[in-house]
């Protein structure tokens, strides 16, 4: 019985276990490589760099579980933060401005949701369009200006710490949100519907699941949460410019997928996604401590993403349907040759300019 | 024999069907209307020089958007195109800067080879490794971009003065009266058209995208076709990289950064369905042209630069919505099965 | 049996998947110019056998011979090149390509490596004419009806000069008239010397078409018999290994008051002016050709694609149904025609599938009480005798018959007053079929009103109290159980005198 | 092949000499420059090692943080910084984010603060957004010198001003006026609309144009090329199309000026439309000679990096506190004093034209 339970636990939480293992390995390597890693001040300060991404991955998980995607979150974030900044600069109370920006973010989410759910347009295409549209609106609002001078009670959102501790207040927001999203995804009807839609949208509809309404809801949720993340980011910066959070969507999607959420929808857990966030955070922080350049860090994260998706499929294939054919030998040899030639050319040709 | 009666009578149906088959008409109409209003605001729009500039500006986009379209037809996506262009441009520029005595035309096959290798890496991951295209190319987007940075090292930019004039002539020359860049785009469009229409491999691309399961049963080499599509995508990006370096007379770390979004937009606006199986060369060319016109028009009609991105996003969104609702409605009218 | 030597022979073929023996020492001889039926319940190994014949799978042991020479197929292409072609249950066309290209997919006629479209269209036209389909070969496949698609698939097989044509339940999506047309084509092919392997769950079809029959059971070969020498009961015994009680165990109950009343229901392009009544305790059969609008009426009643005009009354009260949620609130349940696409979420467990439409019951405040959910699901599944490893097992792993039972359990869980069953026994084996019929009868006896759409006339005749026949989107006639015959229904469905 | 190799050998000998003539030290020591010549990977053990050393009281380690990596302007500044490092016997590492983005830069700075480096020299991507992180560095005892682009007050110890902003604006308008012959339409092609230094210069240029001697110059539009080559190119093209009688494009950004010059050249408008602004000689050499951009200005970015490190070292080693009025010696550049607004001024920008351009290499 207990082995069976263990087996069940393993099949259900395999991905999460692997992520924990990876986190331990990375933390260990970091601690060995740098004396500054295992330092509570440093770790806490580092968390604030990942809070906005962390908040954004929560609704993104919902959306990808249903088999859709939202490329526009970073732009919605910018739109909300810019609108808030714009209103604040025109003399509004900061909380009132934030409230209005929140309302606008609801509209932004509604537009995404309605186009996807009602007009049945592909999510990728719609949010690619709004990615550009919402970001453009942010530019239209603030132009070359920066909104600044936010009152301290607002900047506390992004810069403040809880009481006399060094724990960032925003971390608390993230933890509360993550718990809420996790409970909704795994313990409620709404969460169950998300998985059902992700696996088979039509069958869910036939079973009386209000598919359209749910899709619209999660896109609105995504935009509202993006607005919240925008406020926190603006508070952390103490200012807003329209390019705020540019390109965040790629990191968010990367972490979500790394967390075991299938890009085709229908599977994945929020625990896994949060673990992936922690993994990426300490990996990036560790690489920063080892003074790896930004682009090199991107290469590492990109490889991690590919390998994490590639390995399970490869293992699965080798276990089941794999049979050796002589053809494969020649193919892999050819591939290896091309790779070696390419690498040689890569280094040789750069040396022509750099070492002359 | 078994023939179903349908909701629409024959002549009406024929007309609708023609429209569905040539949905590019809608795109052309959109462009014409746009052009009309822009010309009203600023007659410069319809001058020869301005139109030539538009066509020049979209030439590289056309090449890469066609590559992107082929990938999307197979239900995939290639997000790494911008990085592939950048790496090809950088490596080629290094070569030509290091060996200015080489024939610059040699750079074309070199760039294409580099692109093809990068593309085949994507293809291996996707066809052999079964990694979802969006994930694989999202990964290689960062990896290839990082490689550009690693490659260029302390040099980071190849400037105009380091490139022999002959190399710059690859894109800029106009021995036939028409700028080479446009000729390249036209040639690629024609070749891709012929390839997709008149070769079995080209037809396989549609087959695989239209119904992958059935394709396997029909004996279509699914993996090989996918691999090939990404290889071709890389190859065209490699070519685009050479043209880019030649046209902009420089290679930088951020060359073609974010270009993938434009190529996807051009393909999708051009009527390539992200659900796979359909899309035409002429549509993609028109899609790219529409993007070029929008860009140009926004500048010409004095829209504040701060509003330009919003207007661009909105117009793309509109084009997609209009296309989807109209073609969806027509599709239903002729009683198509979902 | 024209030839003395079989065209295709399988000897002692075995195949296992991860420890499960799908086929064990099966042999089979197929002659040119015969229609050879392969019979077996779901899971008996029919589809594995076909997939080995067509090169999708490679056998673990055993051998195959084509025209006396041993052959090995590494993939479907090699099998096709040897003239062995299969047509699968679900048409596997390419919706975005036109008819001609669907026929010649992967084998487009080329001249100097260049696809010769003109020749392709001409050849396709010739093939279509030979099969009597009057369609432009430039028509896109997505614009075709199921029957037309099937004919395109046959044209594809013909174009490959198939020596052996395998048809896997080709009739399951067709209606009677279309079936007749299909059979005419099959006979024509047989006369031309093609060997045809035919798979169907509709035993009566085999008697009209097949020459010989081979039965499989649990992955093992049972027997090969001449069709002329066997009767239905023999076939069932070969398949099931025992004799089965009645296939249509209809209990006669006195229908109660009118529960559902449909009046003048229309949706342009699909159905027009549909009216009928459904009583408590009644099974109302709905017959007609595919495309006659039967499924559309069902979908309209369930709010998936609402009707644009007309009235629906439930228990005398006029209602508007614009979404499945509304329909469910009114006590309507709908078992859709396509189990895998619409009936089930294959990746989810049996429990989560059964609870999906009634999740609110286990989550009054949004929070799911998993324990009571699992218990309820287990109870429903056991009642319907679903064979499962655990109640959390993904339904995708179950056999077709068991999947259908899960769909039924799911809808019975909503405790509907009105149950719409769309092709409830399509593609499921005889054993389960009988069980489903018994269940329907039982439910009606308890007072449920059942609307059953079926393309199998024996089923319609055997199970219904009354029968609505639809043709071209309209009600072509309503028949009482007494006095309804296959001929009458056929005539109404096709409009023939 | 072998002849080719020989050629390379000769060229590789010549290159350092050229660089030396240019006045900057060749960045060949490899311990600090990213992707340096001796190592394929931009990071070596040496990169992270000094940080640990500094904690244990060894040679000081400073970090030069550009807006982003792979930008030739900043790479040149790094050359100057390395020269200063050698003179002062300290280590200067060059650390940047992949994109010119405040979020990424803050992340980087946090990891540098965590390492307890001895000082930071930053070119800020966002003046306001970097204030909190700058403040936390100062709180942690790490002096923050900004250069090129400043962090707003409170987030930095001192700022090295490449030139007085008003001077930069004035010299560009003056060059434009000379090229336009005193009258006509001019336009500005900037980097991103959010770049603080760009916006300041643009505002000052507009002020400058109000002077009577520029009364005949008309600034028709400001467009943004986002420091992307292709976007800048199309924007410049758009300007020429829109204003057929445009005389001068001022691009106060190194990417934009090269792209504009190329657009002018490609349009065959050399002699009709002139490009000026701020650019590096290497990028512009071609266009100065072709006449597309007869003159442009820039300070020497290497000097900027050089001065930043000297100032940082003066503060970090306790020679000065970084208060207004403090004065320190910056090697070959001489003595500098911190002005009242907490800034240090590098000096007037150099104007490059066909006479002097060949004597510069950066």
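Each chain carries a letter (A, B, C and D) given by its place in the written order, and its residues are counted from 1.
Throughout what follows, a contact is a pair of C-beta atoms (placed from the backbone, for glycine too) under 8 Å apart; a residue touches a chain by one contact, two chains touch by 3 or more.
Here the structure is a predicted model, which means the values were calculated and not measured.
More C-beta pairs touch across one of B-C and A-D than the other; that pair is A-D. With centres taken as mean Cα positions, chain D sits 72 Å from chain C. Inter-chain centre distance (chain A to chain C, centres taken as mean C-alpha positions): 43 Å.
Chain geometry summary: the mean Cα position of chain A and that of chain D are 33 Å apart.
The set of chain B residues touching two or more other chains comprises 98-99, 145-146, 148-150, 152-154, 253, 306. Residue positions of chain D touching 2 or more other chains: 8, 34-35, 37, 40-42, 69-70, 98-99, 193. In chain A, the residues that touch at least two other chains are 139, 143-144, 293, 295-296, 298, 352, 354, 356. Interfaces, counted as pairs of touching chains, are A-B, A-C, A-D, B-C, B-D. For chain C in complex with chain B, the touching residues are 54, 56, 75-77, 80, 86, 88, 92-97, 101, 105-106, 108, 110, 113-115, 117, 131-135, 140, 142-145, 147-148, 151, 177-178, 181, 268-270, 291, 472. Chain B meets chain A in the complex at residues 77, 91, 94-95, 97-99, 114, 117, 120, 124-125, 129-132, 134-136, 138-143, 145-155, 158, 253, 261, 264-265, 268, 274-275, 304, 306-314, 316-317, 320-321, 324-325, 328. Note for the complex: chain A touches chain D at residues 33-36, 39, 42, 45-46, 48-49, 52, 139, 143-144, 146, 148, 159, 233, 236-239, 241-248, 284-285, 288-298, 347, 352, 354-356. Touching chain A in their complex are the following residues of chain C: 18, 302, 304, 323-325, 327-328, 334, 336, 341-348, 352, 356-357, 359-360, 363, 366-368, 410.
Residue ranges on chain B touching chain D, taken from their complex, read 42, 44, 49-50, 53, 57, 98-99, 145-146, 148-150, 152-154, 156-157, 159-161, 172, 244, 248-250, 252-257, 295-296, 299-300, 302, 305-306.
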